[in-house]
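In order of appearance the chains are A, B, C, D and E, and numbering begins at 1 in each one.
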Amino acid sequence: MHWQIDLFILTLVIVCALAAINVRDLLGAAVLFGAYSFLMCLLWAIMGAVDVAFTEASVGAGVSTVFFVAAVFQTTRRSKD
Amino acid sequence: MEQLLQEIVAKYNYWLYIILMMIGLYAIISKNNLIKKLVGMNIFQTAIILFFISISYKEQATIPIIRNAHGPGHVSPEAIQATAYMNPLPHVLMLTAIVVSVATFGVALAIAVKVYGEYETLEEDEIRTRIREKIK
Amino acid sequence: MKRIGLIVVILCGAVLLYATRDFPAWGDPASPASTHVSPHYIEHALQETEVPNLVTAVLADYRSYDTMFETLVIFGAGVACFLLLRSFGARRREGWYVRHIPTGVVIHFRKRPRIPHSRFFERLDTEWVPHDLIIMTICRILLPFIQLFSLYVVAHGDFSPGGGFQGGVMFGASLVLMAISFDLRTALSRVGERILALLAFLGVVLYGGIGVLCMLLGGEFLDYSELAKILPVHAEEARALGMIGVEVGVGIAVTAVMAVIYVNIASAGRHDEGL
Amino acid sequence: MDPVVSVRPLLAVLVSLAVVPVLLSSGGRPNVREAWTILAGLIKFGLIVSLVPGVLAGREFSLTLFSFAPGADIALRVDGLGLVFALVASFLWMVTSLYSIGYMRGLAEHSQTRFYCFFAVALSSTIGAAFAANLLTLYLFYEILSLSTYPLVTHHQDEEARKSGRKYLAYILGTSIGLVLPAMILSYNVAGTLEFSQAGIFGAGISPAMATVLLLVFLFGFAKAAIVPLHAWLPAAMVAPTPVSALLHAVAVVKVGAFSIVRVMTGIFGFDLLGSFHLGYPVAIIASVTIILGSLIALSQDELKRRLAFSTVSQLSYIVLGVALLTPYGAMGGILHIVMHALGKITLFFCAGAIMVATGKKYISEMAGIGKRMPLTMGAFFVGSLSIIGLPPCGGFISKWYLALGTLQKQSPLLLGVILTSSFLNAVYFLPIVYKAFFHGPSGGKGAFSVTKEPLMCVVPLLLTAAGSVVLFFWPQLFIDLIEIGLR
Amino acid sequence: MLEHIPVLLILAPLLAAFLVTGLAWIQSAYCLPLALAGLLGSLLASIAALHQVMAQGALSYEMASWPPPVGIELRIDLFNSLVLVVVSAVSLINLVASWEFIKREFEDRKETFLALYLLFVTGLLGVTATADLFNLYVLLEITSLSAYALIAMGPSSRAPLASLHYVYLGVIGASFYLLGVGYLYIMTGSLNMGDIASLLPAIWSSQTVLVGFVFCLVGVWIKMAFFPMHIWLPNAYTYASMTASRVLAPLMTKVMVYVMIRLMLTVFGAQYIFRVLDLGPVIVWLAVLAIVAGAVMALVQRNLVKMLCYIIVSEIGYMVGGAWMGNQAGMTGSILHLINDALMTFAVFLAAGNFAFKLGELRLENLRDLFARMPLSSAGFVLAGMSIVGIPPTCGFFSKWYLISGGLQAGQHAYVAALLLSSLINAILFMRVVEYAYFGEVRTGHGHHGGHAHGGEMDEAPVAMVACLLLVVASLVLVGLYSESIVSGMIQPFLVRSFV
C-alpha cells in the first residue's frame, strides 16, 4: 500500500473531523460526519479490514447519519459552536 | 535523520489516531451543544477503532479471507501461513465496537430528543438558565 | 469548560504519545499482536470451521459469546429507544392536512377529519417534508435490490466480507429508505411496530436458542459442533452451519432494531409523522 | 479463675432488648407497658444476682458469640468489676422504672412508648458494656448506648432539645469514632488481641511514646467519662426528662465512660506497664483538673440539674483518678466510687425531678423553704449530698476513704489535697441548698408552692436509693470482695 | 448441568429479558413472574457457584469449547462468586420491592422497563464472571446502555439531561478502558486475563503497558465515579426513577470497583502494581480527596437522594484507597467494603424509595414527621445509616476496621484521618435526617397531651417494599456478625497468592 494515499486520506479525515465539530449548523455537521465516516471506512479498507470497512460504511456513513438527521429534524439545526 | 524518518513512517498512523482522538475528546468536553458533543463522542470512538485496525495491519499480507478455500485446487490447511493474512482478531473486536458505538449513539440521540422536548434548546448554557429560572 | 477540555486533551495526548515510543512498528508481522493468538485463527480456522472468511469465523465462532452480547447491545438500544421516546398519546397539533391527489388541492382541518377511504386522498405531514414522485418511484424500484443484496450479504458472510450485522443494517436501511421516500405511516403500515418487536425478539432468541441448543446437546454454550448430532453433517460443517444460523439471527434483530430506532427518533416516539 | 461457658450473661443483656417489641405492641396501654418494663427489670436483676455466688467462688462466666478476628471476638465475660457495675445499673434500672412511671405520668409526657423502648435498649447496652470481654465488644455496646440515648436526650423535640442532642452526639460519637476507633485498631495491630487481661495486652512490643499517645487518646476518646475539656455535653444533655438524666447521666452513660477507661487501664495496658512507663501520674493530673474545675463550675450554677451535672463531671474523675493511682487501695476506691456515686447522685436527681413534678421549679434560688412542703424529698436530698461529699453514714465515705488511702500509698499529698478540696467544694455547693430548703422561707412569700403532697411514685424510689446509700456505708463488703476478685 | 453453572447464571436473566420483550406484546401478565424466575435462577446459580468454588476451587467455563486464549473464558473464583451472589440477590430483591413502584411510574411501558432492567443485570453478572478483557468491555456497554435509558426515564424533568451527561462520561470511560485493552493487546497479543498475566512479567518495564494500565484504570474510575470523575453520578442517580437508582446505586459502582481490583490483582498482579509501579501513595491521596470531597459535598445537599449519592462518592474513595494501600489488610477491607457497601447503599436507597413512594420529592424539609407516618421504613433507614457511619455490629464497621488497619500498617495517616472524618460527617448527615424525620416539633405542643402526640397518620409503603427493606437491613447485621467467615473463608484465600 502506498503510504502517501494513506497519509492523504488521514489528513482528509482529520479535516472532516474538525469541520464536523466546528460547523455551526447541525445538519451540516451530520453531513460532514457522514463524510468523515466514509473516509474512515476507506482508510480501513486500505488497511485490509474489509469487514470493518463494510460495517462502517453501512453504519457510520449510513444509518448513523440517518439517525443524526432524524434527530436534527426533531430538534433544531441551530448550534452556537 | 534517517532514523527519525523511519520512526515517522513506522508510527505516523498511531500519532494521527491520537490527534483524531483528542479532537473527539476535546469536543465532548468543551462543546456547548449536546449533539455536537455526540459527534465528538463518535469521532473519539472511531479513532480508537482506527488504532485497533492499525494493530492488525501486517506488511505483505492480504485481507483475512482465505484464498481458494473450497472447490478444485483448494489450498491445503497446512499451507496457510499466518504472515500471509492480516490479523483478524482486532477486526472482530472492532466490528463489535462499531456496533456498540452506533447503539450508544442511537440511545444518546433519543435522550437528546427528550431533552429538547423538555427545554426547547440543545445548548447547555441555555438549558442551565432554564433550570435556574424554573427553580426560581 | 474550554480550558479544562484543552488541559485534559493535552495531558491525554502527551501520555498517549509517550506510550507510542514502545510500540512495535506499524505493520510489523513479528509484533506480539500478530504472533501470539491470531496465528491460531489464521492457520486453523478453515480446518476447524470450514469458513474461509476469518473475521466471520472468529466473530461467530471463536468469540461468538462476544457477538451474542453485541447483538444484545443493539437489542438493548432498540428497547431503550422504545422506552425513552414512545408515547402513545397524540400530539397537540394545529391541524390535519389532506391532499386530494387528482387536483393537488391541500385541505386543512382543525379537527381530525374522517378521510374517505379512497386512493384520491392522502394525509400529509404537518411539517413539510420533501415528497417527490421521482424519488418515490426510484426508491420503489431500488428497494427490492437493496433488500436482496442485504440478504446476500448475510448469506455469503462466510466467504466474503459481510455477515449478519452488515446485512441487517442494510435491510434496516432499506426500511428507513422507504420511510423517508414515502412517509412514516406508509412504512409502518407495511412493517408495523409489533412486527418489528417480534423480529427483534426472534433474532436474539434465534441466537440464544442455538447456543442453548448446543448446551442441551451436551456441549458447552454456543459449541456448534454439537449440532452435528442432529444435522447430517460432520462437526466442522456443523460449525459453519451454526454460524450461518446465528448470523441470520443477528441480521433479523439488527434489521428490526435499526427500524425501531429510526422510527422513534424521527417521530419523537409518536409514530404518526416524521422525516 | 476457672472459666465457665454460660448463656446467663447473654440473657442478662438481652432481657431488656427482648422486651422492646412487647413495649411497642402495647403502645396504647400504659399499664401493660410499664408492667412489662418492671418485669424485665426484675428478671434482669435476678439474672445478674444469680451470677454473684459463682463469681465470688472464683468462677468466670463467659460466652463467645461471634468471632471477628483472633483476639477480637464479640464475647461476654463476667468478672468482678463488670459484675459490680452490672449489679448497680440493673438495680437502679428497676428503681428508675418505678420513678419514671411517676414522673412521666405526672408531667403527661408525649411519646412515652418510645421513651421506654430506648430506655430498655440503653440498659441492655450498659450491661453489655459491663460484661464485655474485650475492647471490641465494649466499643460495640458503647456505640449502641450512645445512639440509643440520643432519642432520650432529644425527647422534648423542641429546639433546645435538638441542639443538646446534636451536641451530645457530636461529642460522644465524634470522640468514639474519631479517637477510640483508630486507637483500638492501632492497639490491635500492635498487640494482635484486644482481650482484657490483668497483665495488659501489649507486653514488650510497645514504645513509651506510643503507649502515652494511646492512653491519652483512650482517655479523651471515651468522652462519656466527661474529662475536661470534653465535658460540655453533659450539662447540655440535662434537657432530657429527669429519669433519663438520673439513670443515664448519673449512672449508665457516664459510668460506662468511666468504666471503659478503667477497663482500658486495667485490662489493656495493665498496671505494670503503666507503672513502668510512669503513665499513672499524668492521667491523675488530668483527672484532678477535671475534679476541681467541675466542682468550681458547679458552684456557680443556679439550675439544680445543671449543678448536679457539673458535680457529676467532677465526681466521675474520682474514678479515673483512683485507678490512675495504680495502687490497690486507689483502684478499689475508684471502682467503689462507681457504686457509691451512682446511688448518691441518682437520689439527688430523683429529688430534682420530684420537685419538678410537684412544683415545676428548676432553679435553686426558687427552692428556699421547699423542705417544709416536701420533707421526705429534701431529706433524701440531704442523704444524697452527704454521700457525694463523702461523709458518714453514707456510702460515699467508703470510696473516698479508699481513695485517700490510695493517695497515701502513692505518697502523693497533692492528690490527697485534690480529693479533700473537692470534698470541701462539694459541701459548699450542696449543703446550702438543704439548709435553705429547711430553714428559709420561700422567697416569693407564703404559698409560692402550689404543691400539697409529694407524688408517691417519685418519692418511693428516691427513698429507696437514699436508704441504699446508707446501707452501703454499713455493708459494703460484697462490693469490696467483688472488686478484689476483679482486680486480682 | 452442574458444569454449566457459570454460563447459566448469566443466561437466566438474559433469556428472561428476551422472553419478556416477546411476551409484552402477547400476554403481559406473565412478564413479572418470568423476570423474577430469571433473577431467582441466576441467584441460585450464583449460590451454587459460590458453593462449588469453596469446595473445589475456581470454576472455568470455555465458551464454545474453545480453550482460552483462543476462545472466551468465564472464570469464577472466590472473589467474583461473592460479588455475583450480591449482584443477583440485590437485583432480585429490588425487583420484588419495586414492582408496585414500577407499575405506578411506567404504566404501559413497565414490561419494557423490565426488559432493560434484566439486560442491566445480565451485563453486571457478565462483567463479573468473564475472564476476557474485551468481553468485559462489551458487557460493560450493555450495562451502561441500559443504565442510560433507565436513568433518562426518571420522573424528574432533569433526568434526560443528567442521563446525557452520564452518556458522555460513560463513553469516555468505556473508550479509555478499550484503549487500555488495545495497548495491552498490542504488547501481548492476548485478551484473556490469565494469559496476559502470564505474559506481562517479561515486559513490565514497557511504557505501553504502563499507559495501558493507566487508561484502563482511568476508564474504570470514570465509570465508578471516583473523584473528580464523579460529576455525572449525583444528578444521574437523583433524577432517575427511584426504582432504577435503587439498583444502579448499589451495584454499578461496586461492580466497577470489582473490575478495578480484578485488573490490579489478576491481570497485572500485585507485584507489578505495588512493587514495579509506585503509584500507591498518589492514588491513596486521590482517594483521600475523594473521601473528603464526597463528604463535604454531601453536607451541603438539601435533597436526601443527592446526599446519599455524595456519600457513595466518598465510599468509592474508601475502596480505592484501601485497594491501593498495598497491604493485605487494606485490600481485604476494600473487598469486604465492596460487599458491605453494596448492601448498605441498597438498604438506604430501598428506604429512600419507600419514602419517595409516599412523599414524592425527597427534600429534607419534606421528611418531617416521617417516623410517625412510616415507622418501619424509617427504622430501616436509620439502621442502614448506622452501618454507613460504621457503628458495630452492622457490617460497615467491620470493613472500616480493615481499611483503617490497612491504612495504619501502610503509614497512610491522611487516609485514616479522612476515613474517620467522613464517618463523622456521615453521622452528622444521618442525624440531620433523623432530626427531621423523628424529632420535629411536636405539633400539639409538648407536655400536655399524653400518648401519641405526633401529627400524621401511619401511612406505610406496601408490604413488599417494607419487607424487602427489613430483610436487607437484617442482612446488614448478619453480614457484619459473620464477616469473619467471609474474610477468612473467601477473601483471604483469594488474596493469599497476591500478598506473600
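FYI, a residue touches a chain if its C-beta (ideal position, glycine included) is under 8 Å from a C-beta of that chain, and two chains touch if they have at least 3 such contacts.
Bear in mind the structure is a predicted one, so any value in this text is a computation, not a measurement.
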Each chain counted as touching chain D and chain E at once: none
Steps in the shortest chain-to-chain touch route ending at chain E and beginning at chain A: 2
Chain closest to the middle, measuring from C-alpha centroids that were averaged per chain: E
Farthest chain (mean CA position) relative to chain E: D
Of A-B and A-C, whichever chain pair has more C-beta contact pairs: A-B
Most distant chain from chain B by Cα centroid: D
Separation of chain A from chain C, taking each centre as the mean of its C-alpha atoms, in whole Å: 19
Centroid spacing, where centroids are CA-atom means, of chain B and chain D in whole angstrom: 70
Centre-of-Cα separation between chain E and chain C, whole angstrom: 32
Inter-centroid spacing, chain C versus chain B (mean Cα positions, whole Å): 18
Overlap residues in chain C, where contacts from two or more other chains coincide: 16, 20, 23, 31, 33-35, 37-38, 41, 53, 55, 59, 63, 66, 70, 73, 76-77, 80-81, 84, 161, 165, 261, 265, 268
For chain A, residues that touch 2 or more chains besides their own: 50-51, 55, 59, 63, 67, 70-71, 74
Shared interface positions of chain B, touching two or more other chains: 9, 12-13, 19, 25, 32, 54-57, 61, 63-65, 89-91, 93, 95-96, 99-100, 102-104, 106-107, 109-114
Chains grouped in pairs wherever the two touch, ordered by label: A-B, A-C, B-C, B-E, C-E, D-E
Complex interface listing, chain B residues touching chain C: 9-15, 18-19, 21-22, 25-26, 29-30, 32, 54-61, 63-67, 69-70, 77, 80-85, 87-93, 95-96, 99-100, 102-104, 106-107, 109-111, 113-114, 117
Complex contacts: residues of chain E adjacent to chain D: 386, 389-393, 398, 400-401, 404-405, 408-409, 416, 420-421, 423-424, 427-428, 431, 435, 438-442, 444, 446-454, 481-484, 487
Chain A - residues contacting chain B, complex: 3, 6-7, 10, 13-14, 17-18, 20-21, 26, 29, 33, 36-37, 40, 43-44, 47-52, 55-56, 59-60, 63-64, 67-68, 70-72, 74-76, 78-81
Interface residues, chain E side, partner chain C - complex: 4, 7, 11, 14-15, 18-19, 21-22, 24-25, 61-66, 69-72, 108-109, 112-113, 115-116, 119, 122, 126, 132, 134-135, 138-139, 141-142, 145-146, 148-149, 152-153, 160, 183, 185-191, 195, 199, 206-208, 210-212, 214
Chain B - residues contacting chain A, complex: 9, 12-13, 16, 19-20, 23-24, 27, 31-33, 35-36, 39-40, 42-43, 46, 49-50, 53-54, 56-57, 61-65, 86, 90-91, 94-95, 98-99, 102, 105-106, 109-110, 112-113, 116, 121-123
